[in-house]
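One chain, chain A, appears in both complexes that follow, with chain B as partner in the first and chain C in the second.
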Partner chain A sequence: MSALRTSGPARAGQYLALLAYLVFLAFPFLWLLSTAFKPAPELASLHPTWIPENPTLDNFRQAFDEQPLLRAAANSLLAAVSAAVIAVAVATPLAYVTVRHRGRLAGAATGWVVISQAFPFVLVIIPLFLVLKNLHLINSVAGLVLVYVVWSLPFALWMLMGYARAVPAELEEAAAVDGAGRIRTLVSVTAPLLAPGIVATALFAFVTAWNEFFFALVLLKTPEKQTLPVVLTHFLGAEGVADLGPLAAAAFLATLPSLLVFGLLQRRITGGTLTGAVKS
Partner chain B sequence: MSSVTTASRPGRAGTPRAAPGTRPRGPDLGAWFLVLPALLPILVLSVGPLLYGIALAFTDAQSGRTQATRWVGTLNFQDLLHDTLFWESFRIGVVWAVGVTVPQFLLALGLALLLDQKLRFRRLARALAIVPWAMPEVVVGIMWRLVYNPDAGILNETLRNLGLGEGHDWLSGLATALPAVIVVGVWAGMPQTTVALLAGLQNTPRELHEAAALDGAGAWRRFRAVTWPALRPVALAITALNLIWNFNSFALVYVLTNGGPGGRTRLPMLFAYEEAFRYGQFGYAAAMGCVMVAAVSVLIALSLVRRLKGDQDR
Partner chain C sequence: MRRILALAAALALLLSGCTAGGDGPDDGVVRLRFQSLAWQKESVDANRQLVKEWNAAHPDIQVEYVQGSWDSVHDQLLTSFEGGEAPDIIHDASDDLSDFAYGGRLADLRPLLSERLRADIPARSWETTTFGEGVYGVPFLQEPRVLIANRKILESSGVRVPTPEKPWSWSEFRQITQDLTRTMGSGRYAVAWPLKEPVSVSLNLGVSAGGRLFHRDPDGRVTVDFTASDGIVPGTVHDQVVSDRTAPRTTLGSGGSDTLPGFFAGKYAMVPLGFAYRQQIAQQAPEGFAWTVLPAPAGGEGLAQGVSPQTLSIAEDSPHKKEAARFLDFFLRPANMVRLARGDWMLPTGTAALADPSLHTARDGWATGAAVAEYLRPAPAQSVRGYPEWKDKVATPAFQEYYSGAIDGAELRRRLVEDGNRVLARYQRR
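And then the complex of A and B:
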């Protein structure tokens, strides 16, 4: 619609709508920030203000004192990085083969991706819980990684299939004509073209695992093993009476890695990375 | 389809290259070798547990029990049929899924149409619009609890400043709890829907728009005649997925209300989670999972049928 002329009032209306959206999107986040930097007396005030009058870092200090945040972050990092690396390593060949050899396999792969979106996790977690318990993998990050790998596979596969489809088959044909075998072609032609997509997919898988809550809640029992999202809920207390300042501070910290990764991915996301994924 | 990957199969250098389309349909060892690393975990940790879970629904499996687990046939399902609490939570799940998905779609569509225009700050807006997507659901829940907090929250303070009453305990009120969590659900899922729709919009041929405009079509006519037909497949797919995801959601509401007050926000997943991991009723909870899958499958079937029909129409 870029070439079309829009009248002045209509344009003003568009900006107004955009502003309204941005306010709606931003205000809870700004409030989280404001709460995180407020000293206790200001938090107790019955007339809360947007800007802290005496901003403080006390809430952050207190958050680390109250809950094992560093350890939880280390657990989250370990789980998310392992899950992302394994998921991509396993999904890339499958995505590649699926795209190049359509037919039954491709149908099965796409079907599984669709069906997996419909699983209510509870139907999967009960048997997994029983199996992992028998393998003594309950309350271990290793067990959680296993679950995360499988859980992030469908989306990783979906994304990678989109990227693999974008690799022109002609390039591979050219390599084959030049006498390169399949492995050579894969390594020297396909992989470099696929690399940006693989990185983006891995980052997505990282964020999903970093943010995941349900499986971690069920599988991790002791505070030393728990991941950040689970430990965050401990701030809420039994009756939901929370220490607002440290709660906000910890919650804000837990968001930083995902925000960072999404910042890196931003171009690809808005540039239409998901076009392939959504269009199928 | 290219014949090359087949032709360049290792160890077959001397074999004459097959013509396109004549590749043998049988299993290709090299392909299977590449597929196995993904297939194995999928079968062992995803398909396996799913089938195991369905089987559990027909047993009396419980946690920490000394007797052996027995088959009980459809007993769990019969009990479930009479479990009014479960059906109430099922109803809440449907209200929640529809209540989140529909406004979310409309808002996301508006935002996508806006972001598709050449507006100033468009890049900034796109970047910011993604923030909710990047946040852990637990953090989104915590954040909105801070907003909704009856005393220290910004929502009530804003309402007081605008002279709109003395505020409210939104998440604890019997009447307000479900609408309050629905607002959070809309907020949290909007970016993803927006991005999907935006991607769909960018596939709409610009020339069509321009031609329609030259023919004197107004904005609404152009939307009806050009934008929507191109966007429809993406819109249907994302709406079906959103309905499913929302119906099965857990973390957000767990953090916001934990199903309260008085079960008014107890989504089916929260119900099943409590049944399984608080009361240890694995078999019964698995039966709930089966009912949820069945409900969602209907939706998938419907959207697939539509899709197939759409393909035929073309």
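And then the complex of A and C:
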């Protein structure tokens, strides 16, 4: 086996391309950060700067003063965490069973999962609204969580099926030979191997729910229940006019939880992604 | 496993605590939901304060203030109407009401409104919320387009400064932008047109030159025609950008806010903007920056221009329409309308409110706006079924290409009329 060798200039080119890509990815976030700390005259400058000349916290003060950001963030957090936990709790056994017991039903279920991803949400929102109304779940975070779970479940299932497939059945058979029961095998052998996939899937469900806007807008009626993406639109006026400074400050704060969760779970996600990508 | 079960139980308890209750206690108190789209702090404060005053004075009719958003109001209302969960009192713009009005979602306000309110608002404003036989909203705030100008550049150039009594004509405006650009030096322009949404600007300002574009037959059928009058305003803008170079091509795809940095830096002497933009300018302008508000140029119809006022409607499904109408009557009393207008930096439609001295001061250009108010007319597209599709699929790309010089006036006319009538015909088949 011989390792691939790259010449010095080629490696420098690779690093340069990687750096350019990272800058491209980071640009919106850094610009948001810069805008959040700029006073009004700098926001209206014809020659914008990366680093604010007179950094200020006024935009943050104004954002908190004008909108109930903390309450909205708490609502978002509750909805996103609940949706992630429930979606994973439902999708994990489903994915495992679908992978281990291959048959026509499992094939049809997988097909349906793929097809259901093609439905635009505007198609389902009105029937969904009526169903939730009959269940008295309009204007409740519980109703919103239900929607988020249903919405993220197909992709979560699909994702977890990839991870479940990568768990070798031989390991479970070996555990059975050693005398472990079905439950013991699932808990002690299968679950730890699926853990990275579960974490990655939960993160996906969390971020989807955390950023979701339209369902929250339509389903939550009272200000006390509104989530962060809905409250952020209150900084926007008619014809695209925006209260740019406070909007940037609030949007910057809104991105922090996702970044924090990603940062904390990064290692597990990377492991999970690799685990799912390799076929046994 | 025990930990997972405990987590699931905790979650279930948490969610059960989040479930909505019913529609409120059965205590004989009428509860109304008022969805407001006010978004600027002063405006939200004014709205909330008025609701608070109402609630204090009417313990038997309590109004809940709900914050909506301009960005998504149509979709949100559509879903709420379909689901039978619409707010009782709805804040929107008149050009968004037609589908809801024709669809039976909004209450006809004629038997509900007080005589005072009906008499206070001029007939031309009521026209913006009249669909078929009914009136489906109270128009209460409106916003003309004005020219916000850099006072120093304007005065040092020596050009005649227009007033509502003696505005520029469209041809004079073109000439003055040529003179101004010459005095400003290279890389600077007399006017910047932010035309990200070119259709409403073109149509509404076009009213001043007699532009109508939409023509209604006696049988109610609407067709598009593009006469010489319709071409005056678009032609002026096109010439300023393409042949005179008195307006930059780069701002054509911009929104109003995007042009402000260049305006503050003296790159543009004037920017045509909605009246409410004054608030942003007052907040963001650098210290010592002197600005003034000028009336938009006038044509054969004088200072006339089309507007789509902000409106308040009552949902047809609301079980408390009379109480909602009483709240509207309170909310739109002249003094309250002034508070709302000042909060939004817009003009009230009510004649009594418009007469308030605070709306006639020279400061921040209030007087210019108030003087223009009497010339405001319903936007030409008001109540034309199929207008949103005509705007998005035909008119927006056509105007954008025309203003950038990609197509000529004949092609603009062909697209607006031929392609446009095909779209409108689909909505008017019997």
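Heads up, the rule we're going with is that the second predicted complex is superposed on the first by the 223 of 280 C-alpha atoms of A that agree within 3 Å, B and C clash if a C-alpha of one lies under 4 Å from a C-alpha of the other, contacts with A are read in each partner's own complex, and residues count from 1 in each chain.
One rule holds for everything that comes next: a residue touches a chain if its C-beta (ideal position, glycine included) is under 8 Å from a C-beta of that chain, and two chains touch if they have at least 3 such contacts.
Nothing here was measured: the structure is a model prediction, and the numbers come from that model.
Looking at the shared chain after the overlay, A:Tyr15 reaches chain B, while chain C stays out of its contact range. Once the two complexes are overlaid on the shared chain, A:Ile138 sits against chain C while remaining clear of chain B. In the superposition on chain A, contact is made by A:Leu130 with both chain B and chain C.
A count of residues in chain A touched by chain B and by chain C gives the higher number to B. In the superposition on chain A, A:Thr233 makes contact with both chain B and chain C.
Contacts of A:Val97 after superposition on the shared chain: chain B is touched, whereas chain C is not.
Contact with both chain B and chain C is seen for A:Leu46 once the two complexes are overlaid on the shared chain. Residue contacts after overlaying the shared chain place A:Val85 against chain C, while chain B stays out of touching range.
Shared contact residues on chain A (touching chain B in one structure, chain C in the other): 43-48, 89, 122, 125-126, 129-130, 213-214, 218, 233, 235-236, 240, 242, 244. Of all residues in chain A, only 40-41, 43-48, 62, 65-66, 78, 82, 85-86, 89, 122, 125-126, 129-130, 133, 136-143, 145, 187, 213-214, 217-218, 221-223, 225-226, 230, 233-244 touch chain C in the complex they form. Only residues 1-2, 4-10, 13, 23, 25, 28, 30-31, 34-35, 37-39, 41-42, 45-50, 52-54, 56, 61, 107, 110-111, 114, 116-121, 125-140, 142-147, 149, 151-154, 157, 160, 187, 190, 195-196, 198-200, 202-203, 206, 209-210, 213, 222, 233-234, 237-238, 241, 244-245, 248, 250-251, 254-255, 258, 268-269, 272-273, 276-277, 282, 285-286, 288-290, 292-293, 296-297, 300 of chain B touch chain A when the two sit together in their complex. Those residues of chain C that touch chain A in the shared complex are 1, 4, 7-8, 11, 14-16, 18-20, 22, 33, 37, 39-41, 44, 64-67, 69-72, 75-76, 79-80, 82-85, 87, 93, 196-197, 255-257, 260-262, 264-265, 267, 274, 276-277, 280, 283-287. Residues 1-4, 6, 14-15, 17-18, 21-22, 24-29, 31-32, 34-35, 43-48, 50, 89-91, 93-94, 96-98, 100-103, 105, 112, 114-131, 146-147, 149-150, 153, 157, 169-170, 172-173, 175-176, 180-183, 185, 207, 210-211, 213-214, 218, 228-229, 232-233, 235-236, 240, 242, 244, 247-248, 251-252, 254-255, 258-259, 261-263, 266, 269-270, 272, 274-275, 278-280 of chain A touch chain B in their complex.
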